[in-house]
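Scrolling down, you'll hit the structures one after another.
In the two complexes that follow, subunit A is the common piece, with subunit B as its partner first and subunit C second.
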Partner chain A sequence: MGESFIQLKNLKTYFHTEEGTVPAVDDVSLSIKKGETLAIVGESGSGKSVTSLSLMRLIEPPGRIESGEILFEGHNLVDYSKKKMRAVRGNKIAMIFQEPLTSLNPVFTVGNQISESIIEHQNKSKKEAKQLVIEMLTKVGIPRPEKVFHSYPHALSGGMRQRVMIAMALSCNPELLIADEPTTALDVTIQAQILTLMKELIREFETSILLITHDLGVVAEMADRVIVMYGGQIVEETDVYTLFKHPKHPYTKGLLASTPKVHELKEELISISGTVPNPLDYPIGCRFADRCESVMETCRTVHPELKEIKPGHTVRCWLHE
Partner chain B sequence: MREDHLLEVKGLTKFFEIKSGFLKRNKNDLKAVHDVSFFIDAGETLGIVGESGCGKSTTGNMIVQLLEPTAGEIYFEGEDITKLKGEALRKKRSDIQIIFQDPYSSLNPRMRVFDLIAEPIRTHESLSKKELEERVLDLMEVVGLNPSYAKRFPHEFSGGQRQRIGIARAIALNPKLIVCDEPVSALDVSIQSQILNLLVKLQKEFQITYLFIAHGLPVVKHISDRIAVMYLGKIVELTTKEDLFLKPKHPYTEGLLSAIPVPDPTQRDLKEHRVLIKGDIPNPVHPPSGCVFHPRCPYATELCTQEEPLFEEKEAGHFVACHYPLSEGKGTIYSREGNHDGEVHFES
Partner chain C sequence: MNYIVRRMLQIIPVLLIISFIVFTLVFIAGDPVALMLPDDATLEEIEQLRESIGLNEPFYVQYGSYVFRVVQGDFGESFRYGQDALSVVWERLPATFELAIAAIIIAIMVAIPFGIWSATKQNSSIDLIATGAAVVGKAMPNFWLGIMLILFFSVTLGVLPVSGRGSFAHLILPAITLGTGIAAEMTRLIRSSMLEILNQDYIRTAKSKGIKSVQVIYKHAFRNALIPFVTITALQTSTLIGGALITETVFAWPGIGQLLIQAVNTRDMAIVQACVMIIAAIVILMNLLADIIYRILDPRIKLD
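Let's turn to the complex of A and B:
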């Protein structure tokens, strides 16, 4: 694992709705190193998906990237034109989504859709592309790839569709693969198959991965480093082992404690009280203050900054000042 | 039929007719639930787990009489409720309630919280206006909703709070049995545990019996006394929670257990050797011959492809439908990793 090759610097993506402005991504900085799997964990509305969509420049109005930089191979993607961005998207940065049925085009065959990006980005002929597609379909464990090549997405099962998505995403050998809840819509036995497949492919292609998920089990199996998001901001960032062993932020601790653990016979299930704050009206202090067990006077009045408490371990919490 | 069984189902079956082809002349049966039998004792929680299409929700819907069984009996307090009609059925309905998965689509968006919770009471009991109001506000408090929100509409609430409204509706008539159909699947992790803890609290307070349906073992584990595992319309294993997790006998249960990601990164290398269930869930319109699980089973033999295994009590209270049930400790996550204490230790 070498240098960080993609960096977000103070990224702000806001949505201007009729009710007001939603700071969906509020000053997020992160970097991904070559060959590394970085996971972003958080619950609905934490801003994890909008962060990844911003990175791909897929934010549509009323959303907008307000400020910040997305540095990739020495260029700032925020300044890229639509046309220039298309050459990056699907080629150097690819993405797989949660629901493969809605992200595949129902009126084109599987082969047609995967070939499209290969022909577009790699200057291959139709025949060469087909050969490559079948090779990719075989790699992602699809039985009878020649038949699947000519099938339409609806004829495939959920697990097969996600394999097709992965084949499509990896067909141009991207530097970065963004996987947004890649297994959330799948049954648990199929999820295990897809996670195993992803691990094998990471090893083979040495692709860096930005994994967006709400499932700490998936994080524990896949990630090298983890970012925990809450209310549009990063609240904790560290390597995966430290996060599970020595979590610092009360929200991270709460998330870990409220995750049901099948592998322990412990009965008690700890929950975080309350609900996420309204993004139209974040409190001036810490955004987690209302739900925090260790809340102090300062937490309600002053917004905490992200501080490095140990090399590589940052926390946004007044307890760790 | 034993006295202490609050609910007992025998040979419960539901086929849906699928029409296809020219003029819909081809008729096939989708065997959603096929010959399922189990019982629930008063005060206990039976979990039903299985993946999409295994028939767990269909089973729940038949018990609350939202679907009519194709065959089989459902005994509630000793009486076969599939035979009840009219007033007798209406009376029984108030004893058996359901909580649905999606708190967004299961509440009428045009009704205020007060009316949503009052609706079942109005239907089944005649209370004065004042008594009704007291009862509803009391219910709101019991499920952890601020009674001052009674005049609000469902869209003003978060998913977790909406599920609390659904729970208040379900307990409004003091039911004996509640079918919980994936009540936390649509919620965030931190909210899931709030709702699970609320359900446990209500069970203790009001002596409610639960049939708890979920697609994943982690959620079911926390709330259930016994767990039934379903696959393609059949129960393949049913036993106490401890036995199911410590010594599963059905290869599918073993596979389900080993497929769950462990929230502990130090275990990830051990998991590389896990038993992966291969392939996809077959089409329930054309289920495999013999044991329905044989195409995906790592231990299947010739016998499994031909003969359907019986659902038998292999040990006291431990039912399995398998020709080659796993012996104790074989292949379980616990024996392989030898680590019962994977707890998260916090540093202060």
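Let's turn to the complex of A and C:
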């Protein structure tokens, strides 16, 4: 695993709604190394998807990247023109989404949709693109790729559609693949197939992955390093082994405890009490304080900073000062 | 193909029902004999004529023989034109088609760019102007707009003919009159469907592929917006014909609308019946066409 080739520095993406400003991504810094899989976990509204969309510069009004840098191969993507950004999207950074049915255009064939980015970024003719598409469809394990090339998305199963999405995303051999909940909408057996496929492909294509998920099972299966987000901020970052064995942040501990385990039969599922704070009105102290079992006086009054407690392990918590 | 044949067969009962309604209305409307004979005709003469054209028969017999004749294409003779009613209507149809097609072309040329434009720049000044203009365009009655256009372009400026059909210049004002309302309706339809589609996941996917925004909007979004657009537009044929009726009257455009209004005024019932039946058939055919196009545009729906 080489040096980090993509870095977010103090990224802030805010949504200016009529009710007020939502700091969806609030001062997030992260880096991804070549060939590495970095997972971002967190519940809905924690800012994990907005982080990934910011990276692609796909934030739509009323959202806006307020400040910070997105460094990619030494260039700041925040300063890129629309045209330069287009050359990055789908080409160097590609993305797959949660719901493969709604993420594919219903009125165009699979072949047409995958060809588009190949034609756009690789200067290929339609015929050459078709060849490549069929190659890609074969690689993602789609039987009878010539037939699927001319099929419409609705004619395919959920798993097949997600394979198509993966083929589309990898068609230009991107450096980074952003996978936003890639298996959430799929059946469990299909989930396993898709994860296996992704693992095979990243080895073959040497692609780095930014994996957005709320599923710790997927994290354990796929990730090298993990970032836990809460309330638009990173609360813990470490390698996947440490996260599962020695989690430090009470929120991470809560997440792990609330995941049911097959070998520990329990009467009841454990959950983190309380709800996510209103993003329009975050508390001045720790954003997790109201739900935290180990809450102290300081937690409610002073906002904790992200501290490195061991090399490669950072936590945002007053317990680890 | 099966589907189309099935749908074509469904047209028959619909046309029968329409023929019944039309015939009943005309039947209720009164005795045509009084209009067919000179004022000083004797009672005997009137009775003779009633007998000879079958008006003394009971209602269902009259309707039966009417349907029997209509099926053979015989709508009776127009007493005003002294010839077969259907062929009179037939002669007028091209003029109406010419006007309708010109109006639709104008409407499409206005509505597509403005509809897409205002959807992609929602709440911008362009959007406000386009939606405002659409409301005004839809609210303006055809007859009023037609008269205003005549006053301005024909009377004040004297650049376009006041009425009638002939040169291309004759077509301009009626086509604009008829096209304005349609353009307004189309603009609103395109805008709202584009707004909905631009929020879809597949648009985000298209953007994430790095293709040009022109391609995202005109290929990925507009191709989807075409589905409701084409369908609803085809379904609005009846509105179009209603508008043509008024527009043709204002501009003395010799189409089927003008013919129908004149026939109603002179109680030329053969023409009225033929006109209504032909218009009904056109509307039904356009609805069928809308259904077929819908199925072609949306691959999720099969023709069978």
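Operating definition for what follows: the second predicted complex is superposed on the first by the 314 of 321 C-alpha atoms of A that agree within 3 Å, B and C clash if a C-alpha of one lies under 4 Å from a C-alpha of the other, contacts with A are read in each partner's own complex, and residues count from 1 in each chain.
Methods note: a residue touches a chain if its C-beta (ideal position, glycine included) is under 8 Å from a C-beta of that chain, and two chains touch if they have at least 3 such contacts.
Owing to the predicted nature of the structure, the values given are computational and were not obtained by experimental measurement.
Of the two partner chains, subunit C is the only one that A:A94 touches; subunit B does not reach it. By the touch criterion stated above, A:L58 is placed in contact with subunit C alone, subunit B being left untouched.
Of the two partner chains, subunit C is the only one that A:M168 touches; subunit B does not reach it.
Look at A:E120: by the touch rule set out above, it reaches subunit C but stays clear of subunit B.
When the two complexes are superposed, the chain touching more residues of subunit A, out of subunit B and subunit C, is B. Shared-chain residue A:T102: touches subunit C; no touch with subunit B. Contacts of A:D27 after superposition on the shared chain: neither subunit B nor subunit C is touched. Shared-chain residue A:H154: touches subunit C; no touch with subunit B.
Legend: residue contacts after superposition of the two complexes on their common chain; A:E69 is shown touching neither subunit B nor subunit C. Applying the stated touch rule to the two superposed structures, the subunit B and subunit C interfaces on subunit A have no residue in common. Taken in their complex, subunit B has these residues touching subunit A: 51-52, 158, 160-161, 188-194, 196-197, 215-219, 221-222, 242, 245, 255-268, 271, 274, 276-278, 280-281, 296, 333-334, 337, 339-347.
Those residues of subunit C lying in contact with subunit A across their complex are 200-202, 204-213, 215, 219-220, 223-224, 227, 297-300. Per the touch definition, subunit A reaches subunit B in the complex via residues 43-44, 157, 159-160, 187-193, 195-196, 214-221, 223, 240-241, 244-247, 253-267, 269-273, 275-276. Across the interface of their complex, subunit C is touched by residues 56, 58, 82, 85-91, 94-95, 97, 99, 102-108, 116-117, 120-121, 152, 154, 165, 168 of subunit A.
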